[in-house]
Amino acid sequence: MRRRAFHTLALSTAATLVLGGLGAAVLPAEAARGEADTLSIGGSVTEIVYALGQEHRLLARDTTSTYPPEAEALPDVGYMRALSPEGVLSVGPDLILSEEGAGPPETLEVLEEAQIPFITVPGGLDAEGVAAKIRAVGAALGVPEKAEALAAEVTAEIAAASARAQGAAGAPKRVLFVLSAQGGRLMGAGENTGAAAIIALAGGVNALEGVEGYKPLSDEAATAAAPDVILMMDREGDHAASAEELFSLPALAVTPAAETGALIKMDGLKLLGFGPRTGAAVAELSAMLYGD
Amino acid sequence: MLQARNITVTLGRAEVLHDIAFDAAPGQLTAICGPNGSGKTTLLRAMTGDLPHDGRITLNGAGLETRAPWELAAIRGVLPQASALAFPFTVLEVVEIGLSRGRSGGDPEAAMQALARVDLDHYATRPYQALSGGEQQRAQLARVLAQVAAPVAEDGPRWLFLDEPVSALDIAHQLDVMQIARDFADAGGGVVAVMHDLNLTAMFADRVALLAGGHVLAAGPAAEVMTSETLSRAYGCRLRVGAAPPPGTPFLLPQAAARAAD
Amino acid sequence: MVALTDPAPGARRAAAPPSRLARARRLHLWLALLMIAVALTSLTVGATGVQLWDVARSLARGEELSRMERVVLFDIRLPRLVLGLAVGAALAVSGAVMQGLFRNPLADPGIVGVSAGAGLGAILAIVLGGLLPPALLGLAGGHLVPLAAFLGGWASTLLLYRVATRRGHTSVATMLLAGIALAALAGAVSGVLVYMADDNQLRDLTFWGLGSLAGASWGKLAAALPIMLIAIAGAGLIGRGLNALALGEATAAHIGIPVQRMKRLAILCVAGATGAAVAVSGGIGFVGIVVPHLLRLGSGPDHRALLINSALLGAALLVVADMISRVVVAPAELPIGIVTAVLGAPVFLWILLRQRGVVDL
């Protein structure tokens, strides 16, 4: 027994030493940070930082910040609603820019204790909201003029795209946003979702009325929604679905969309991020809905 | 003294014991006999405080319900019919569990002595679960013996309640175990045993209570209760009680006879 | 004495063989050392470069600590370490007590409905917490989810105890069955709530279910630590009783154990320890089941030593799991429930495979 106890002790000591080594190995290099001082949390905020040409300020990002592709080279501090306090501190930010909804509260308390400025960027599911986000990020990074210009540009782009869509022939089309069709079960977007907002901006009508948020759909509800077009995020793996597979589902087989084979796939962050690319997203979506 | 009066036990909706009276004295081995389902074990379990019952039971002059579990444990040990063990304790550890609340304290020698008494001391470090059924029964008896320690203490006699203590044993160990019970009674302790084997009962018991259908059919000295007529009534079949002839008298068993023609 | 197994009279040893209990008690010391070693390592390891030794040196020289050092060491690592030790000990001891009470080595602290109830409480708070009047929310002080989880766990345990207790006797089998029914009911209600939840709430639910010590703070500790410590200490009192219970409830009573009182104490302790642990750290699996099992294999089933050893090893193990969860994907971190499951499940399977030859479960 005594020998076994020794073994456990030796083993565990070895393990903890290895762990300690690992811990030391993953420590980010303190040197060469240059002007970088900012941790950006939330895909749209990171995008705005890049759009403002302030990417040299970025130290790290969260898991949802995947655009532009260069952003993915930055250290990832985890999912924005489950941030680890020491993980955030370890990248040594002097400023944290975050979308609404970062957490958990305990982590935010520790960051406050550490006296790191934490700026929550207000959002909204329309042109105003995007502009407000851009201005807030610009103000925080000390480039308000650039931000003003970008906000104006994006607002104008959204307005133009919207206006073109409203006047298009055949409008409005009924659009059903399908979040996932895993195992033949549809998850659709109801009211008060980013998807519903972008569909409206692009001159469409959200086919799923009277439902709040993203909800699983019964086959009959999907049929009753009678969408002219199915909108999905362009992604890999299990959530991906080909038009053929999708329209062979009983829920969608007898919809107008199935008859014309109308399936639109768009980049998820671009479509639902409500960031600098939202104008382009609206233009792209309306072009696919109604033609140029 | 163990005195039980007006004992009525209801299990579910069925009344299993009807207004039973039962006595046992220290210094004696009192057997409870009767056919299957007659209520033997139920009566024993009522008297060890395991079953809710109507009526009154006193042990050494005080009502069962007035004593805390550890007070009862100090004056009586109970050997159940079958015991399942949940974790891989060794035989010695099982016996020591019995010691933890009894009067003899945590004396490891007492546990070994009890094991030696039931002829299991050489198995002390074996896992209990690796023992055969009969060996487990003897190990449990050792636990009970270790718990009560001595047949008599300053505050009065100690008691053993045994539920079919020899049911799983070979004949040699049946005799051993009955002798342990007999010795305990002879030394002044009280023994109450539920018995199936009428021959062993006749050999070792001072008194017998014969149960049938939840009633006491007969109670008294073994020789008076164990008659052909009473036993036939209790068990519902015709039984003939025999008696060995006095020593020195030759006798013949008819089963051993064979016809010359064969 | 004619048994064939009977050795020659001269060969008989009356002396008691060396006891496993004494050996298991010597293990206390080793496990305590292990726990201390792990705890010190845990204070040193982390995503930031703050080193315990540097801080100790600065303190010894009477130098002022930097803000970073102070926050990392005293607001992040220390509360997290204390919480990890307490939660690990609470879960492992609860597991040992439940296995003793249910006389089944596969019993889990969750078996008396604590986890199901706590989970339901947490989901209620996450999804519907926003609907509460602001005054009440203010009272919960931002700790609505742990509070609701603790109350949920406590309420479901009391309910099960009520259901299973008749005429002053608690049937553990009834409790087990009622627990299954309650878990199914809680699952159904959770399903409804999940349906109602929005995207963010769904994410929160997922992370809560995977467990984490990341939310450790002195405020949470002040509420949860006393409950866990009292419950662990209470469980320490019933080692003898649990040993006796291994022989069955009737025999335990014959030996002199006040069985009903002991059951009540055991259930209260588990509800307190597990309830508080789950409330502050979410769903952390396998510690409660693997730790006592491992110790029973190594040093025997005597609960007098097993409960203490479980507390020590459980504490050490959870802190190691937490270190892994902090380090492998730093600066992000893995939910600790994933780490304990990844470590625990193979160990558990290995135990079962090894045991298959010995006892058929």
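As written, the chains take the letters A, B and C, and residue 1 is the first residue of each chain.
As a working rule, a residue touches a chain if its C-beta (ideal position, glycine included) is under 8 Å from a C-beta of that chain, and two chains touch if they have at least 3 such contacts.
Please read all numbers here as calculations on a predicted model, not as lab measurements.
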Quiz item: Minimal path length between chain A and chain B through chains that touch?
Solution: 2
Quiz item: In terms of CA centres, which chain lies closest to the overall middle?
Solution: C
Quiz item: What is the chain whose Cα centroid lies farthest from the Cα centroid of chain B?
Solution: A
Quiz prompt | Geometric centre distance via CA averages, chain B-chain A, whole Å | solution = 77
Quiz item: From the C-alpha centre of chain B to that of chain C, how far is it in Å?
Solution: 43
Practice problem: Express in whole angstrom the distance between the two chain centres, defined as the mean CA positions of chain A and chain C. | Solution: 37
Quiz prompt | Overlap residues in chain B, where contacts from two or more other chains coincide | solution = none
Exercise. Within their complex, state which residues of chain B touch chain C.
Key: 45, 48-50, 52, 68-74, 76-78, 80, 83-90, 92-94, 97-98, 100-102, 108-109, 111-113, 116, 119, 121-125, 129, 143, 147, 170, 172-173, 176
Self-check item: Touch list for chain C against partner chain B, complex
Solution: 1-3, 5-7, 12-17, 19-21, 100, 103-105, 167, 240, 243-248, 250-251, 253-259, 296, 300-302, 359
Exercise. Give every residue of chain A touching chain C within the complex, in rising order.
Key: 1-2, 4-6, 8-9, 12-13, 15-17, 19-20, 22-23, 26-28, 30, 60, 63, 75-79, 81-92, 101, 103-107, 109-110, 113-115, 212-216
Quiz item: Which residues of chain C touch chain A in the complex?
Solution: 23, 26-27, 30, 33-34, 37-38, 41, 44-49, 67-68, 71-72, 75-77, 142, 195, 198-200, 203-204, 207, 212, 214-217, 220, 298-299, 316, 320, 323-324, 326-333, 335
